[in-house]
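Here is the structure we will look at.
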Amino acid sequence: MNTFGRLFRVNIFGESHGESVGVNIDGCPAGLSLPLEDFLPDLERRKGGMQKGTTPRKEDDLPIFKSGLFNQVSTGSPITILFENNNTRSGDYEKQRAVPRPGHADFVAHTKFGGFEDYRGGGPFSARLTVGLVAAGVIAKKLLGGVRITSSILEIGGEADLDKGLQKAIDAKDSIGGIVECRVGGLPIGLGEPFWDSVESVLAHAVFAIPAVRGVEFGTGFAAARMFGSEHNDAIEDMQGHTRTNHAGGVVGGLTNGNELVFRIAIKPTSSTPKEQRTLNWETGQQEAFSVKGRHDLCVALRAPVILEAVTAIVLADLWLLEQRIPRVVK
Amino acid sequence: MNTFGRLFRVNIFGESHGESVGVNIDGCPAGLSLPLEDFLPDLERRKGGMQKGTTPRKEDDLPIFKSGLFNQVSTGSPITILFENNNTRSGDYEKQRAVPRPGHADFVAHTKFGGFEDYRGGGPFSARLTVGLVAAGVIAKKLLGGVRITSSILEIGGEADLDKGLQKAIDAKDSIGGIVECRVGGLPIGLGEPFWDSVESVLAHAVFAIPAVRGVEFGTGFAAARMFGSEHNDAIEDMQGHTRTNHAGGVVGGLTNGNELVFRIAIKPTSSTPKEQRTLNWETGQQEAFSVKGRHDLCVALRAPVILEAVTAIVLADLWLLEQRIPRVVK
Amino acid sequence: MNTFGRLFRVNIFGESHGESVGVNIDGCPAGLSLPLEDFLPDLERRKGGMQKGTTPRKEDDLPIFKSGLFNQVSTGSPITILFENNNTRSGDYEKQRAVPRPGHADFVAHTKFGGFEDYRGGGPFSARLTVGLVAAGVIAKKLLGGVRITSSILEIGGEADLDKGLQKAIDAKDSIGGIVECRVGGLPIGLGEPFWDSVESVLAHAVFAIPAVRGVEFGTGFAAARMFGSEHNDAIEDMQGHTRTNHAGGVVGGLTNGNELVFRIAIKPTSSTPKEQRTLNWETGQQEAFSVKGRHDLCVALRAPVILEAVTAIVLADLWLLEQRIPRVVK
Amino acid sequence: MNTFGRLFRVNIFGESHGESVGVNIDGCPAGLSLPLEDFLPDLERRKGGMQKGTTPRKEDDLPIFKSGLFNQVSTGSPITILFENNNTRSGDYEKQRAVPRPGHADFVAHTKFGGFEDYRGGGPFSARLTVGLVAAGVIAKKLLGGVRITSSILEIGGEADLDKGLQKAIDAKDSIGGIVECRVGGLPIGLGEPFWDSVESVLAHAVFAIPAVRGVEFGTGFAAARMFGSEHNDAIEDMQGHTRTNHAGGVVGGLTNGNELVFRIAIKPTSSTPKEQRTLNWETGQQEAFSVKGRHDLCVALRAPVILEAVTAIVLADLWLLEQRIPRVVK
């Protein structure tokens, strides 16, 4: 469904070429200062317009506040933020209606929604919807105060030198994937809720809502499967729970343990590649050659850090509100 | 929290050395035949008692049905199943109270619950609770009818020859991790709910509730981050959505696409290793040597396949009930 | 919180004098035809502008569709509808800031939200927000197809002759309350979910979200407390569950029973009365005389029928989707 | 569904003549002392065995704690409590299988659950399940500390002299209804959550889960529909929000206002009356005479006070935990 969270609830809506996309945030405490200018840096990071490898579709991405703020301060009521879709060229898509794009949701959406889906530009499956996520992330980050969330690209196409990775894709006239890491400092011990809502569970849930994510791992992650227990265990060193090593990535037993939270996501290559491919034409029932015409990112991983930070902040804001209720422990 | 699912809701409860562990399943349709003997094979697989590398703790693991069945058939009311804890030796744990075991939840649980947690054998953080998962999984599998869920170990300690991997741990007097894969055939197209409840999201959420899981990846997973788009995209071949390659692992746009669902999880080495380690003593505030005395698995990955199948079945039963409601599409 | 429903989820947002009010509906099936003109009759009924006794505040109340529709048909994605607030005179309220209006939420909202609430015209507590309810109700009614929901005023100020009741208030220069009934025909047997989500439970939950509602009763309601069992029981007459009497109001054991669903709500007199009253001034800490200046309904019960129908339709659409999923019963 | 609450979640399960009935409480903070003897007074009140007019079915109603307590103190993990069903005579019901009892859920349950329902003694629809409610209520009351919840019978069969009301039923060889009131003192200002989760909404939701409840009203309730606004409004007198009159019953704008919370419920006459009635035989498709044989209460309202207190405490514990989270307001 389109809402995530228990106390800090984020509802994402809209379509790539519809009237608008947006977000409704229910459960934000009152009294949080939220001037327009606080939203602009992260929204700008998401656009990624300067970088080679990102789409030339240009949108203003100016947040339009429709409810929940009064004199630029949160009121405790649900905050609705819209982003207009101005720069749409739906003609690009309509003629391709019967030809589901490889790697995209076109075919499954058509089947699930009986042909009534808004197919233009991927409709609600478009990465365009992440603009609302980023806006919600700005609010969550402010709510989390001293918590520091930073995300960065570890590799593009297997290259730690990102330019080199991108150039590989440009030379091949193809799109390319990447790996993005997120690190969070300043978290208290004990965030997360057994049995089902471990920190890993809720973060992974939210992270897989980001289009193109194909894997997530915490701390040492998949490499842990090849380790001995005595290597992997992080010995606790002091009463604050600090450990010298951090194989656990800051989560033990599904709860934050006072160390840096560290996790990584794998992002697949953009499904829209300039390369010619084959796909089905569901009118003819035959495969045919297909070639992308729209405007697309060469590498969606380039825009991912700010989106990953936003999703992480949204999840942690919710866990933090859950933990802060008094009394967690009756005295 | 302790309940997962929207329509097929699974509530896990209990502690390792408490009175009992169990599960309450709310939302199971009426009329499902659930004789005792249908539960035994998966419960037996979970015990893994014959295998080298699994704990010698012996429990009967006989399901005790407390509600929701009438003449061994589901009634549409919540199904409560208990498993008694008989084979507990809490003395093993009480004297270690002030010495949180490395890699375990002892320290974080103590902090979160203010010292009131049931610390014996990890309390509610113990893998003992997965017995309820397996029972719920049996019900979910029956509900899913023609859907085929199979899970298997891909490697132990980096070795595809599992005996070799285990022997490495035995020789090192240490515990060891592994990788487990799950494959699901026979799913309809379109399971999953945008925006937040993609198939990957809800599966990852549930999978990370299994103790010791450190990563999850779908289809080509982390390797996709090094691929070109033209390589990774699976070309649709027919009106049923079949593809020759399956890099997507059966999920596109967060929805099942009619191909086999494929994902893998990384399982860390058992935190309880026979090797001597260092940890904090929170009474003295000093680190000290620590050595595990209890009965523990050398490699928890050995028991993981049936648990992973159960969790997968629980998630898919819920998505399937969500999808089957009429009208998904108004005629 | 601001969202109601499990499968048909209605999220209400906005403030009386903010940018806009609106509704987001998540879970509406695809393929439902929703042209603008289908919304107008119920929105017009809510305005109640022609009637004596309703507020002269005039708003266009034209729904602005922001997401979820494509060619005026639902797509299966969340539907966002905004209503602009044009006709606001916030100056009316700002000077009264320190003087909480008797019977209104001013004082409690101020306490709960620490002074950050949008106090203008009651902010999010205003009956203005019911415009979004009515729009959601139109969608729910269409979804319910053959189900007939009709609501009417039974009495105003104790008078079945409504004009007489209103005149009483006009003569007294005061506001007045009333009783409204809702009847629903065409429901299947078995809507409602034990234990907690009886039809009465979920209807009452939703109905008490309508401002000014003070009581709800089903079938014979409070009068049932004075009856004998042999009088109150409705004898089943045929295989469709029909009964000659309908003391149960169409609900037995929390489930619809195939007869007409009947319930009534009590609506208090409008809190804003032309009469002078006393209230606290929280700056001076003293009581003072208070007299309402804004534009207000003499009797909010006059607008209630269409709102009550909307809320009823929203609840029943959700229960109906819950019931229609296959298999409710495994074959 | 069978779970209620956002942070303090109460899951009710079991059947009248099944193995057991019980309750699972998820979200209770750690550190709450819960010795067995604290449960006994309310469980005893619910049995009502001494009173004329209550069923002679005798159950021990001793709570059996299965999880969530350690040394009689809550651990922060889900608390499971079972009550065994010993005193069942299912033969009473089996021969009546095809003859749905008037006023009971037999017919609707049979239709909804396709004949797979546990029909013995009403199965999951039985008032037997309220024993779990009462146990959860004990925990909620303790959690609420200084809050005082008291419930009492206002009238039986229209008589404030309760013995007189009961005697009326005994003389008529019939069952009888009643009205029960609940009063809560010591609540903070501001409990309740707009838009949908007003105090009235969540209380009414929970209250209508109690079998036989047919109406609920707050403060002046239905009588408010006949009042003028100037009469009904309660003037605020001091900075704590106190009012001299309490027509609002302690709730304004859906939020508690610092005054006593007051509401009443209407309870229908017990459906099982000694009087001969008519009902359908669904094997013959004909109406036939019907006469109750089982053991039943003459007036279920007699047992209602402790159940109503329990439900009220459950709801308020949840709202209170929601309100206590920091920061409700950001400083």
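Which chain is which? They are A, B, C and D, in the order written, and residues in each are numbered from 1.
To be clear about the criterion, contacts are C-beta pairs under 8 Å (C-beta built on N, C-alpha and C of every residue); 3 or more make two chains touch, one makes a residue touch a chain.
The model shown is predicted, which means the values in this text are computed figures rather than measured ones.
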Between the pairs C-D and B-C, the one where more C-beta pairs touch: C-D
Option reproducing the contacts of B-D, where over half of them reappear, out of A-B, A-D or A-C: A-C
Where subunit B and subunit C are represented by their mean Cα positions, the distance between them in whole Å: 44
Intercentroid distance (Cα basis), subunit C paired with subunit A, Å: 37
Whole-Å gap between the CA centroids of subunit C and subunit D: 25
Per-residue overlap in subunit B, given as positions that touch at least 2 other chains: 1-3, 6, 13, 30-31, 74, 76-77, 112-114, 116, 124, 194, 328-329
Residues on subunit A engaged by subunit C in the complex (per definition of touch): 1-3, 9, 11, 13-15, 18-22, 24, 26-27, 30-31, 65-68, 70, 73-78, 80, 82, 112-114, 116-118, 123-124
Touch list for subunit D against partner subunit A, complex: 6-7, 29-32, 74, 76-77, 143, 194, 321-322, 324-331
Touching residues on subunit D, where the partner in the complex is subunit C: 1-4, 6, 12-13, 100, 102-105, 107-109, 111-114, 116, 122, 124-125, 129, 155, 157-158, 169, 172, 174-179, 189-190, 193-198, 200-202, 204-209, 211, 213-239, 241, 247-249, 252-257, 266-273, 275, 277-280, 282, 285, 287, 301, 323, 328-329
